[in-house]
Amino acid sequence: MQPSTYMDRVRGSRPLVHHITNYVTVNDCANITICAGGSPVMADQESDATDIAAVSSCLVINMGTVNERTFASMLAAGKAANENGVPVVFDPVGAGASRYRDRVASTILSEVEVAVIKGNAGEMGVLSGVGGEVRGVDSGSASDPAASAAKLASEYGCVAAVTGQTDHVACGGRSAVLSNGHALLGSVSGTGCMVSSVVGAYTGACGASLESVSAAVTAFNVAAELSAERAGGPGTFKTGLFDALFNLDAGSIDGRSRIAMR
Amino acid sequence: MQPSTYMDRVRGSRPLVHHITNYVTVNDCANITICAGGSPVMADQESDATDIAAVSSCLVINMGTVNERTFASMLAAGKAANENGVPVVFDPVGAGASRYRDRVASTILSEVEVAVIKGNAGEMGVLSGVGGEVRGVDSGSASDPAASAAKLASEYGCVAAVTGQTDHVACGGRSAVLSNGHALLGSVSGTGCMVSSVVGAYTGACGASLESVSAAVTAFNVAAELSAERAGGPGTFKTGLFDALFNLDAGSIDGRSRIAMR
Amino acid sequence: MQPSTYMDRVRGSRPLVHHITNYVTVNDCANITICAGGSPVMADQESDATDIAAVSSCLVINMGTVNERTFASMLAAGKAANENGVPVVFDPVGAGASRYRDRVASTILSEVEVAVIKGNAGEMGVLSGVGGEVRGVDSGSASDPAASAAKLASEYGCVAAVTGQTDHVACGGRSAVLSNGHALLGSVSGTGCMVSSVVGAYTGACGASLESVSAAVTAFNVAAELSAERAGGPGTFKTGLFDALFNLDAGSIDGRSRIAMR
């Protein structure tokens, strides 16, 4: 597959990506959505969120700092998205870190039809039951990320992406192993959230598929590689990541992409 | 007019600019307020917000991620500001994007006396009834931004600023067309919110007038031009914008300013 | 004392630092925690926050944009931390700026056992009763920061740190005067909050002591000095601050540190 095909489609259609997300990394999510080619909007008052979800290209639900008020809005907006054919991307931040987060994640997955689940190895290991450890919002160890992705994809009939040093994406019995990225991603808060936003933009423009999600993750990770070449640490790396994704050209993403489809 | 006169007055008085704003771009609002010469404070618990509004130099109300709790605080703080002679700047982010936002905007405008309304062409077109389109929090097309500004300025007895590639400011039958800025502003989340914060600082130090608001918008836009000269994309552009506004000198702002008063 | 001993211990143990903090500077708090060597997590729904506080290395309570909901979570998480032997760092942002903030600060100090109180001279002067002025969230004048630190340390049996151009730390009858830092810290929003996060990482890894808190503040301030050498203004200074703290080596911190223990 050529990831640039998907990238061009995103840039050409400027999908509106509605986020109900955490207040820690929300600004980075907004900016990375723009740099990916989308248009971000954030709304979490229930009546506002349902109106906007209904007319968006994609809804990203990220439970990083969920509370009872925003949890209700996530459910309502998720259902509004479902009713209007708007795909939902779900990032179960910190699933496994507390009983509350486990309850939120399982409720969302049972009441909202998600097009994509994207999480780190620990979260996805916990969610899938394959096994994983979570410490705060960091991923701990996970027994088998590829199996977690496959199981979640099958159970929820969606695309499942488990991110880490290597990323595992699964959908409908097929899978992909993605090997781009850079160690500095682990030293910046919110890079996982940003990946979900980029996946939201690609899903909004191209639909949710093994290919579109793999292209989104790869675009982000190739941008990280390019930014790392000029970075002096996590601060300049993060600033450069926005530039690199914004400026990413077809030659760079296709030439550097390391996607193994199975 | 010499915009540097206003800039110097802001820097000389360090106005306290209270914000009740959205959680997406709030950090940028705080930092741009400092770079403009003001001192930012954010408080949205009702009793806290009214106490602080009463002693501030200006109150900025931005409804980017408004909810029922913060909506009540906006109204209470706005009234406290009114009672204490503190000018209020209102940014109706996303007006026209949902029924909830329309209700919030119209309620604020009917219950709080605003000194300045600042929005993009779509939002201000919707609010004024002149006509405009809004998609999420992006401005869509608008029929006549100058007419929107004039109508809102007249209806609410305030300064009205419609931002876009060209900015239109109106007040008391007079108007200004501002032509500074840079295309990269459209690729960074929150540049509109930041303009409102800078307007808040200028209004807090100089009062709300066609001149002070035009100077504020121009200071921001000239800083954008200067930052763009060295930027490699939206990330470095945004970082440089803070530097450029902080370092802006009288020669640069006055020499580069393109303000047509009518 | 050699501050690098503490820095190495933080990096070696990667303490989990739970924050209930404000939405203005929370992203900077998360990133500076990582750059200091810790792992940040933010959770403020009461049941989530208590579960996570109980298993964290440290809890940082920052009341910068506190509201009734998060105030209750701060109290509950603080008590959960106390019950589980997890140290609590308290940053009374804006104490003295409103009656609400005064009530929040005094309630937290009476119901939660804090290991460290860290504030600016105005806030700590107000809290201690020694005398100080607060304007919004900026520090105004304060009569005697060293006395404020000593009095709060004695009253609450904790480490008290009063930051400013010179920082005063007190604990158990001993004190330290810290003289690192840079003027640009005053032109970036949230540098005080970031110091509290770094103190949280050091406290989580090394316990709360005059030495560990002094090392944390000094690490941050030396990083500021290093970043300032290459900065063109507040934007590039802030970006570089993350790089500098992340890259800080033993020679730089120990060689540059200006800590006078008494």
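Letters A, B and C mark the chains in the order given here, with residues in each chain numbered from 1 onward.
We adopt the following convention: a contact is a pair of C-beta atoms (placed from the backbone, for glycine too) under 8 Å apart; a residue touches a chain by one contact, two chains touch by 3 or more.
In this text, all values refer to a predicted model and were calculated from it rather than measured experimentally.
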Self-check item: Third chains touching both subunit B and subunit A
Solution: C
Self-check item: Interface residue overlap between copies subunit A and subunit C, same or different (over half shared)
Solution: different
Exercise. Give the rotation angle, in degrees and rounded to the nearest 5, that superposes the C-alpha atoms of subunit B onto those of its identical copy subunit C.
Key: 120
Quiz prompt | Cα-centroid distance, subunit A relative to subunit C, in whole angstrom | solution = 32
Practice problem: Could you tell me which residues belong to subunit B and also touch two or more other chains? | Solution: 23, 27, 238-239
Quiz item: Which bits of subunit A are touching subunit B when the two form their complex?
Solution: 16, 18, 23, 26-27, 30-31, 33-35, 39-45, 47-48, 51-52, 56, 69, 238-244, 246-247
Self-check item: Touching residues (chain side subunit C, partner subunit B) in the complex
Solution: 22-25, 27-28, 64-68, 94, 97-101, 135-138, 187-190, 231-236, 238-239
